[in-house]
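Just so it is clear, A, B, C and D label the chains in written order, and each chain counts residues from 1 on its own.
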Amino acid sequence: MIKLVALVPLFPIIGFLLLGLFGKKWSKSLASIVGSGAIFASFVVAVGIFIELLGADAAHKTATFSLFEWIDAGKFSVAISFLIDPLSSLFILIITGIGFLIHLYSAGYMHDDEGHNKFFSYLNLFIFFMLLLVLGSNYVMMFVGWEGVGLCSYLLIGFWFKNTNYNNAAKKAFVMNRIGDLGFLLGIVLIFITFGSVDYATVFEQATHFTSGETVITTITILLFIGAMGKSAQLPLFTWLPDAMAGPTPVSALIHAATMVTAGIYMIARSNILFTLAPVTLEIVAITGLATALFAATIGLAQNDIKKVLAYSTVSQLGLMFLALGVGAYTSGVFHVMTHAFFKALLFLGAGSVIHAMSGEQDIRFMGGLKKHLPITFLTFLIGTMAIAGVPPFAGFFSKDEILAHVFEHNKIMWLLGILTSMMTAFYMFRLFFLVFSGQFRGTKEQAHHLHESPKSMTIPLIVLAVLSVLGGFLGLPETFHAKHLLEGFLEPVFEASEVRMLPNHLTHLTEWALMGVAVITMIIVVLVARSKYVKNNEVPVPESTTLKPAHKLVYNKYFVDEFYNAIFVKPINWLSQKFHSIFELQFIDGIVNGMGSLVVWTGRNLRYAQTGNVGFYIFAMVLSVVLILLVNYLR
Amino acid sequence: MKSLILLSGLGVLTLLSEIFNFKRKIFPVVLLGLLGTIVLSAMYWNTNKHYFNDMMFFDNYAVAFTCLISFIAFAWFLLSQNYFNEETNLTDHFALILFALVGAVIMVSYQNMSMLFLGIETLSLSLYVLAGSRKNDLHSNEAALKYFLMGAFATGFLLFGIALIYGVTGSFNLQTIANYITLNSGNIPALFYTGVLLMMVGMAFKISAAPFHFWAPDVYQGSPLVITAFMATIVKTAAFAAFFRLFFTCFSTIESVWGNIIFVMAILTLAVGNITATYQESVKRMLAYSSIAHAGYMLLAILAMNKFSAGSILFYTAAYSVASITAFTVLSIIINKSNNEAIDAFNGLGKRNPFLAFAMTVAMLSLAGIPPMAGFFGKYYLFNAALQSGQTTIVLVAVLASLVGVYYYFKAIIAMYFKSGSDSSPVEVSFIHKLLLVLTLVLIFAMGLMSDFVIRLL
Amino acid sequence: MSTIQAIPLNWYILLSAVLFVIGVLGVLYRRNAIIIFMSVELMLNAVNLLLTAFSSYRGDSAGQVFVFFIMAVAAAEVAVGLAILIVIYRNTNSTDINFLNKLKW
Amino acid sequence: MMIKYIFYFLAFVSVFSALMVVVSKNPVHCVLYLIMCFFSIAGHYVLLNAQFLAAVHVIVYAGAIMVLFLFVIMLLNLNTQSEPHKSTWLKFAAAITSGLLLVILVGTLKGSETMVMPVGNPNAGLIKNLGNTLFKDFLLPFEVSSILFLVAMVGAVMLGKKEIK
C-alpha cells in the first residue's frame, strides 16, 4: 500500500478536475457522490498505508517516493516526492477521514445552495493541497501546499460572496496569511543557504551536526514560526480566524478547525530537530502559544455567536498545541491535533446542524431548549463539549492532560495559566451548550415551527465523530495507567533525534495523579458554576442593542453568592473580554495589518501623481537621471 | 537567419496581398508562416552559426528567444483576430507587426551594434505608428507622440554611447569589444564607461526601467489594446533579451561600473511598478505598471550575471508573456462587451463566464507568482540566480515587492468572484479566443511542471 | 598638413558633446513638438560628427558606414514622426506637447 | 595653421546656429538655422577627409529632411504667434540641467588625450573604401535598413491617408 502513496493526493485532484470541468451540468447528488467518493478512495489508501506502517519494523517506517525532478537550478534542486512516515501517515489519515465525513455532511448541509457543485470542487482542491502539504518531502512542496490551502480557504471563506462582510473576512485572512508566508518563504531561503538543500532528509541530517542554540538555526526557526503563526492563527496574527467563520460551516469545521490551521503545528513537528536545537525559539513558541490560549479563551467567554465561540476556542486550543510543542512535547502536540480534530469538527458540525435547524440563526441568545427537537445533535454535541472541556475519559481529557503534565515539568507558572485556560474553556463551552440546548426556546415562533433534526447525511458524521471523540483518547493513555502510549510508540521514529536531546520524564506517578485531579476538580467546579448560572438561573447574556427585545423576561434569583460572583468575576472578566476583543483585537492588531495595506495603497495613490502626463516632465526626469548616473560614475 | 528571411518575406507578402486582393486569406498564411518561423529557427539549435561577417550570431540563446517571440506572436495574432476584422488597414497592420517581429528577432540575435540599433529602430518605428493607429482617438494620438518623442530622445543617448564605445575600441562587434575590455583592463579611458552607461540608459528606456519608465503607462493605456498586448509581451521580451545579450557578452567583466546603478534601478523599478499599480482603476493601466514591475524582476538576472541568468531570463519572459497574453485576451473580450476598461467591468465575471474568470485568475496568479503557476518558477529561478551571485538584498526587496504585487492582482480576482456587477448578462467568447485561452492555460501549468526542462535549455 | 595632425581628437569630441547637449537643451527648452524633433536631429548629428571624427582618426571606415545607417534611420524617423504630428494637428490644431495630458496618473 | 582656423570658424558656426535653433521664436527661423548648422557639420566632414559623407549629409539632411520639416511647418502654418513657450522658471531649469549634463559629459571626456589611435587607412572616408566596407562587412544591416524604410513608408502612408468610412 505504501507504494501507492501518490494515489492519495491523486484522487482529490481528479475529483476537483471532474467537478470543475463538468460539475456545472451534473446533478447535485452526482457531484456529492464524486466529491465524497474521491476523498473516500484516498481515505482507503491512507488506512492501508497506516496499517502497513503499524506492522513495519522501525527501519522501514520511513519511505520516500520520488515522482520526478521538478526544479533543478545549479545547486538548488527540488523533486516532486512524497515522504511517508508515521507523522505524515497520521496526518493524511486525519485529513482524509475527517475530510470524508465533512464531505458527507456537506451533501446535506449545502443541499439547497446553488453553488453546491462548485463547493465540492473547492473542497476537493483543498484536500489535495492539504495532502500535498503533509506528504511533500521537502520545504518547497510544503510551501506549495501551504499556499494552495491558503488559496482554497480564501475561496471558501468568500464562498457566499454577495455579502461584503464575507469579502472583507476573506481579504483579512489573505493579508494575515501573507505576512506569515513571507516569514516561511524567508525561512526556506535561509534553510537553503545554510544547508544547501530543502529536502527534509538532508536538512535534518545536517542539522544534527549543529550545536544547540546557534544563531542561524534560531533565525530559521523563528522565521518558520512566523509562518506557523499566520496559518495557525497565533497571537498577533489570529484575528482572521474568527472572521473566517463567515464561510459555510463545513468549511469552518474542515479548514478552520480540523486541518488547515494545524498546518503550522505539522510544520514545527516536522522540523522538530531544528526547533530542539533552538531553545530560544522553543521558549518563544511556548509563550506565544500560552498567551494565545489564554487570550482567546478570555474573548470566548463573552461571545454570543455560536460559531465565533467555537472559533475562539479553536484559536485557544491551537495555542495549547503550540505550548506543547514549545515545551518539547511534540508527541503530545500531535496527539492534541488529532483529538482536537475529532471533537472540534464534531462541535462545528453540530453547530452547523443547529444553525440549519434554526434557519440560519447563529446567535445563542435566541436559541435554547433545542434538546427536544434535535436529540442526536444534542447528544453528540454534549460528547464534543465534554471532550473539549476535558471530562474523563473523553478524548480531550487525555491529550490536554498530557500537555499540561509536560508543561508542569517545564514551568509551574505556565501550568497554572494552562489550568486557568482550560477552566475558561470548560466554562464557555458549557455556557454555549446550556444556552443552546437547555431551558426554553427563545427564538421567534416561525423558527420554533421549523425546528427539526438534520437529515441522515448530516447526523451520521456527527455520530462517527462522537464515537471518535470518546475513544480517541485511548490511543495515548498516560504512563500512570500502566498502559502503552500507543501514539508515542508509533511516532517514535519522527521525534527520535529530538528526544535524545530533551530531558527525560521526571514526574512521579503521584504527581501525575495529582495534576489530573486538579484538572478534573477545577473543571467540575466550573461546569457546576456554568450550570447554576445558565440552567438553574436561566441567565441569558444581555443583548447588545436595547431595541432588541429579549424573547423572554430575564429572571434573576437574588442570591448573595450570585451578586458576589457577578461583581468579583463576571463583570471584570466580561469587561476584560470585551476590551480584548474590541480594543486589542479589532483596533490594535487589525489596525496594524490594515495600516500596512493602507500605507501601500496610499503611497500608490500619491506616487502615481509623479506620472504627470507631461512629456516635458518625463524628459526632464530622464535627463536628470542620466546626469546622476554619469555623476555616480565620475565619482566612482 | 532563414527565419528572419521568412518573416520579412511574410511582411512583404501581406503588403502585396492588398494589391492582389487576397487579404482575406492572409490571416492563415501569416499563422502558418509564424509556425514555420518557429520550426526554421528551432532547426538551428546547437549549430551556433555566425552570419555576414559576424553581424548576427544564432547561438542557442538567439534560437530560443526567436522561437519564443514567434510563438508569442502566433498567440498574439489569435488574440487580435477579431480586432482586425473591424479595421480597414488590415494589411498595413499585419505588415507593420511582421516587420516589428523582424526587428525583435534581430534584437535577440545581433552580434554587432549596428544590428542592435537597426533592430531597435525597426521595432520602435513600427510601434510608433501602431500606437497611433486609431487616428481619430486622441488617446491613441497622444500615446504615439509621447512614445515617439521619448523613444527618439532615448535613441540619441544610445547612439552617443555606441559612438563613444566605437571611439575607444574601434569596433562595433560585441566580441571584439569584450576582448578589448579583457586585454586593456585597468587602462580603459573614462570615455568608454560613459559610453557603456549611455547605452544602458537607452536600453533601460526600452525595457521601461525606472526612472526611464515614464512613457510606459501612458503609452500602454493610450494605444489600442492589441498593440498594448504586443508591447507588453513581444517588445518587452525582445528589449530585455537585447539588453541582456549586450551586457552578458560585452560588459559582464566591468560590473563595478554598472552594478550599483542597475541595483538602484531595479529597486526603483520594483517599487514604482508595484506600488503605483495598487491604485489603478483601469486594468489596462494596471497591467502597464505591472509590466514595469516585471522589468524590475528581470533586472535581477542582469545583476546576477552568472550562468543561470540566461535560462532564468528565458523562462521568466516566457512565463510573463504567456500570462500577459491570457490577461490581455480576457481584457479584450471584456472591453468588447462592456466598452469599459475599469476594474468594475470584471465584476461578477465568475458568474457571467466562469471559464473567462478562471483564465483571468490563472493569469493573475501566475503574474503574482503563486505556485504552481509558471510565474512562480520564473521568479524562483530569477531569485535563485541572483542568490547564487550573492545578491541577497535585491532578492529581499523583490520578495517584498511581489507581496505588494499580489495585492493588485487579487483586486481583479476579487472583482470577478466576490463582487456582482450591474451587468449580469453572460459573456460570449469566440472559438479562436477559447482555443487561445486553453492553449495559454495549459502552457502556464505545463511550464510550472516542466520548468526544469525549459531552464536547462540555456 | 592634414586635419588629423592639426587638430586634436579631443576638440571634436568636445564639439560633438556640446552639440549633443544643445540638442538635449532644445528638447527640454521647447514645447513645440516640431522643434523638439529638430533638436533630436541635432543630437543625432552630434553623434554623426563624433563617429566620423573617430572613424577618420582611426582610419577605419566602419564608423562612417554607421553614420549612413544613422542618417537612414533619422530620415525614416522624421517621416513617421511628422506623420504622427500631422495626425495630432488634425485633431487638436496644435503641436504643443503640453496639451498631451489626457493620459496620466 | 589654416585648418585650425577653419575648424574654429566651423565650430563656432555650428554651435551658434545650434543654439539659435533652440532659442529662435519663429519655427521657420529654427529650420533655417538648423540647415546652417548642418552645412557647417558638412564642412567638418570635409575637414575630416570624409567627402562622400559630407555630400550625402547635405543631400539627405539639408535636401530631404529639412525640406520635409519646412514643408510641415508651412502646412501647419506655424509662426511666432502660435509658438508655445515654457515658463521662465522651466527654461531656467532646462538650461541648468543641460549645463550639468555638459559639465559631467566633458568631465568624463577629459583624460582621453592619452588615447592611442592606431594608424589606419588615411583614406577611410573615400567612396571606394566606404563602399567596400558597406557592401562587404555591413551588407546585412544595409539590407535591414531597407526593411526599416519599408516600415517608415507603410507607417507614414497609413497615418497620413484619410480614413475610409
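Points to keep in mind about this one:
Criterion: contacts are C-beta pairs under 8 Å (C-beta built on N, C-alpha and C of every residue); 3 or more make two chains touch, one makes a residue touch a chain.
Predicted, not measured: the structure shown is a model, and the values here were computed from it.
A comparison of the A-B and A-C interfaces places the larger number of contacting C-beta pairs at A-B.
Chain A and chain B have Cα centroids separated by 43 Å. Centre-to-centre separation of chain A and chain C, using mean CA positions: 66 Å. Centre to centre, using the average C-alpha position, chain A and chain D are separated by 71 Å. Spacing of chain B relative to chain D, judged by their CA centroids, is 31 angstrom. Shared contact sites, meaning residues of chain D that touch two or more other chains, fall at 86, 93-94, 97-98, 101, 105, 108-109, 112, 115, 118, 137-138, 141, 145, 148, 151-152, 155-156, 159. Shown for chain B are the residues in touch with two or more other chains, namely 114, 118, 121, 125, 128-129, 132, 135-136, 145-146, 149, 153, 167, 170, 190-191, 193-194, 217-218. The set of chain C residues touching two or more other chains comprises 13, 20, 23-24, 27-28, 31, 37, 53, 58, 60, 62, 65, 69, 73, 76-77, 80, 83-85, 87, 97-98, 100, 102-104.
Chain contacts here are complete: no pair of chains fails to touch.
By the touch rule above, chain A contacts chain C in their complex via residues 608-609, 611-616, 619-620, 623. Those residues of chain B lying in contact with chain D across their complex are 8, 11-12, 15, 51-53, 55-56, 88-89, 92, 95-96, 99-100, 102, 106, 112, 114-115, 118-119, 121-122, 125-126, 128-129, 132-133, 135-136, 167-168, 170, 189-191, 193-194. Looking at the complex, you find that chain C touches chain D at residues 1-4, 6-15, 17-26, 28-32, 34-35, 37-39, 41-42, 45, 48-49, 52-53, 55-62, 64-65, 67-69, 71-80, 82-87, 89, 94-96, 98.
Chain A makes touch with chain D in their complex at residues 616, 620, 623-624, 626-627, 630-631, 633-634.
Residues 145-146, 149-150, 153-154, 157, 190, 193-194, 197-198, 200-201, 205, 211-212, 214-215, 217-218, 256-257, 260-261, 272, 275-280, 307-308, 311-312, 354, 365, 370-372, 377, 380-381, 384-385, 387-388, 395-396, 399-400, 403-404, 406-407, 410, 414, 417-420, 449, 451-452, 455-456 of chain B are the ones touching chain A in the complex.
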